[in-house]
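The same chain A turns up in both complexes below, where it pairs with chain B and then with chain C.
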Partner chain A sequence: MTFDFALAWTSLPALLNGAWMTVLITVSVMAVGAVLGFGMCLVRMSRNRALAAIGAAYVAVFRGAPSIVLLYLVYAGLPQLSIVRDTPLWLLFASPLFCAILGLGLNHSAYVVEILRGGLSAVPAGPVEAALALGLPPRIVFVKVRLPMAVRYGLKAYQNEVLIFLKSTVAVGAVTIADLTGAANEIFAMTYDPFTPLVTAGAMYWLLTNGLRLGFEALDRRLNRHLAATVPDRRPATVRRSRPGLSLFRQPLVRRLPAKPAARETH
Partner chain B sequence: MGLLAYGADGYGDELLDGALVTVQLAVFSYLLAAILGTLMAVLTLKPHGLRWMIGRVYASVATGIPSLLVIFLLYYGGTEIVHALLAPFGVEERPAIPPMAAAVAALTFVYTPYLADLLRSALQNVPKGQLEAAEVLSVPRRQIWLKVLLPQALRIAYPGFVNIWVVLLKDTALVSLAGLTDLIAAAKVASGSTREPFLFYGVVVVFFILFSAATIRLANRQSRRLDRGVRASEA
Partner chain C sequence: MGPALPIPTPTPAPQGAGTRLRTRAAIELRDLRKRYGEQEVLRGVTLTVERGEKIVLCGPSGSGKSTLIRCINGLERHDGGTIAVNGVTLEADGRGVQDVRREVGMVFQHFNLFPHMTVLENCTFAPRQALGLSAAAAAERAMHHLARVRIADQAGKFPAQLSGGQQQRVAIARALCMDPRIMLFDEPTSALDPEMVAEVLQVMEELAAQGMTMLCVTHEMGFARHVADRCVFLDGGEIVEQAGAERFFVAPESDRLKRFLRQMLH
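And now, the complex of A and B:
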């Protein structure tokens, strides 16, 4: 049970290649999930009962199924249909990368639907009514007032979801894509060293997840900079420092004003 | 539908065996993670000191890497790890680690900090008066933990615990990549030899959705039972 630094160094290019594949898939899935999720969120929130039911079923199926099963369904199941096999669509579905991005994207988008829906319904009525009273067309009110506020409310949940699905991209090994885990496995198969490649890959995953987390936190600070009036934290030291967040780094001793208007103001 | 029949003609029995492996894996890992998570929450309750630091580093590692990587690590390297752990006690053994044990250990390793974090913040949200009252009544230390603090903290952490259960259940799907014959592996074999992947993976999807829906339903009923005698806040 030893860590072989020489092996870690020589296997670095292969692992970085795998890491690049992981990043590529993550970014593509985020894009697919954002587009699909936004569209399906509108369907889910539609006033038309039938459309809303379709949206609800979409969320239930794609959120309830493990992503690896969705990958198998897209990669092995869809080519069963002649509409996929006998048309130019086949060019797309023959590619494992496309199938992986579509399968994970379906899974991710179902979560995006629910996060966006939660954010949109948390927007208080006041700003929307004010914008409508000013004569702005409803479409502009949605794009310029409701959506920006909903994005701010949902950002934390979205961050959690992205971090979880970044880790679930390991499932793409099932459709023969060599991502970071696949690269580490390959090196294990060649050297029979169970620790060095897997631990190195683990360190890379750790850097990826934590880098992404820091990025999201910076975005959160930037989007909520109008709340930057940080109040000094006067709670007792024990309460103050016992934030249950997963952060490894020390938190600043200031407390952000609540992003949402509190139910009852205390003046 | 004949393909799903039970017995030699269909794949019903194989799928059922696979589903049993999936459920066993999820239940065992979750129970172990809940026990260890409780222990970890109690040990790292004070937000400073060595124990807290070790807990933070462990949580950061376990939540920062994919569980499949941990499964592989314990599956390939488990024998060596057990050997290295036992060697200081003079036990020179290299036991073979069955895939099931490696998978349970890996999922437990990954999910313990999630549950510990939930329980820790719940413990901090138990009203202070409860602890003070128990101390004033000179209730023994162990009784304070077991009869006063932990039950109330569990009630607060309950919705989070149910969430993690659903996440863990879906995460067990990855073990088929490490060679365990769970539900997904069974479906893969069946769809490979019958060329009906849509049917078999469809069955798997339905199983996961129904099983998590059933457990959530059960959990909600239990949660209402736990919440009896607690007034809902108006906000």
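And now, the complex of A and C:
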């Protein structure tokens, strides 16, 4: 089993085509996930019990089902319904690409709901109360204070989820879409060389995931520059890491009340 | 999003209202009650804060001081009694809360600055969003108040880059940017390192000297003596004793206040 550089070179256009499809699907699913995830997170966190239950069921179903099952259900299952098959909806559902983006998007958005919910519940009450006390309408407090802080809390978890789902897009082969893995498989079928195309495809996945990682890191630096700007921590790395993730936002030292405030006065 | 209900008119005009208007208190609490589940935190507090008056509120941990001032601007909903701020009534169901918050600024124990905004943005945020000020006008106003608390030179920094005392002064400036007529302080120096307490107290004393109406939860006796027109001792959710600062600390009447002061001095 050797790596055939000539084959890798000649199959590059086909693989790049597949890689483009993978990128297209990933970006579309991220968009769907952001919109659906945000909307369903609000539903999930609603004070209305019935709405919250609907949100919880959404997460349970779409996070619980394997993405490949969701893909089959959207692509092959939904068109069984007359309302899909016999209406203009069919124009959408006849497209494997649409079905792939919807199926993966449902799965991904369920994770986004939970990541965002975790972020929102991690936002300390203090800044939110301060904003309310300033007389700001609750909607603005949510959009400008609570949400931006929650996004910063959830960014790392979101990055993880995106990298995992990028690799799970291989499932779109099930609905006849030729993505990067599909292209590599096709070359394998034609040349009987499994090694070269799959290693090349693997390298491309690696580039994609690490490109995304760098993007997320840049975003993280930008969003959290208010922390990066603090006095540099010169303690040994082992000490610095002893409380990982604790100080995304600086917590003031809590000292409970009496603390002898009178001492200064009474000598 | 507009106010949820008609804004209570600040100038009611029935006969004889004029006199009432002139003497109308800054804050008027009548039989204020608040409970968390079974526990009654405020058991009928009646307190009037006149305009320009400075009141220091103290009491042991869990006596309801924080709850009391958090009820005044609606961060906590009260369960009974009435709250009126500059004549605007805050209903128990939350009606009137936005109007009350326009009258009242608040400073918290833990500063509660917006960590992702610079000092300047912290101060311009509410004037721009709630009052509709332009960026330039809001910045000008913010710089005025930041200079007032002597921290204008840090306007471009983020809260995490400042000391506790500096953060608390920014928090005071941020509240002042909304031009409140009343300021509530909830243990503003309790989370500070001792060497930073003075700079915050000094800003508060200046504010008091300029005529701001202040209701202050604090155990800073020096501040109380310099500034307070009246000290109010809260214990078990009710006002036990109130008096001018000198008499309050030197000649307390009730046993509960005597015991509290003894513990504080230890």
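Assorted remarks:
FYI, the second predicted complex is superposed on the first by the 228 of 267 C-alpha atoms of A that agree within 3 Å, B and C clash if a C-alpha of one lies under 4 Å from a C-alpha of the other, contacts with A are read in each partner's own complex, and residues count from 1 in each chain.
Here is the rule we use: a residue touches a chain if its C-beta (ideal position, glycine included) is under 8 Å from a C-beta of that chain, and two chains touch if they have at least 3 such contacts.
Because the structure is predicted, anything quoted here is derived from the model rather than measured.
Contacts of A:L73 after superposition: chain B is touched, whereas chain C is not reached.
Using the contact criterion defined above for the overlaid structures, shared-chain residue A:E129 touches chain C, although it does not reach chain B. Once the two complexes are overlaid on the shared chain, A:L223 sits against chain C while remaining clear of chain B. Touch criterion met: A:N210 reaches chain B, while chain C stays clear of it. In the superposition on chain A, contact of A:P13 is made with neither chain B nor chain C. In the superposed pair of complexes, A:F195 makes contact with chain B only, with no contact to chain C.
In the superposed model, A:G39 makes contact with neither chain B nor chain C. Touched by chain B in one complex and by chain C in the other are residues 264 of chain A.
Against chain C, the residues of chain A that register as touching in their complex are 126-127, 129-140, 144-145, 148-149, 152, 223, 225-227, 229-231, 249-250, 252-262, 264-266. Within the complex formed with chain B, the residues of chain A that make contact are 1, 60-61, 64-70, 72-73, 76-78, 80, 164, 167-171, 173-174, 181, 184-185, 188, 194-195, 198-199, 201-202, 205-206, 209-210, 238-239, 241-244, 246, 248, 263-264.
In the complex of the two chains, the chain C residues touching chain A come out as 1, 61, 73-75, 98, 101-102, 104-106, 108, 110-118, 125-126, 129-130, 157-161, 164, 167, 171, 174-175, 178, 187, 189-191, 193-194, 197, 218-222, 225, 263-266. The touching residues of chain B, when paired with chain A in their complex, are 46-48, 56-57, 59-61, 63-70, 72-73, 76-77, 80-81, 83-84, 117-118, 120-121, 124, 167, 170-174, 176-177, 184, 187-188, 191, 195-198, 201-202, 204-205, 208-209, 212-213, 235.
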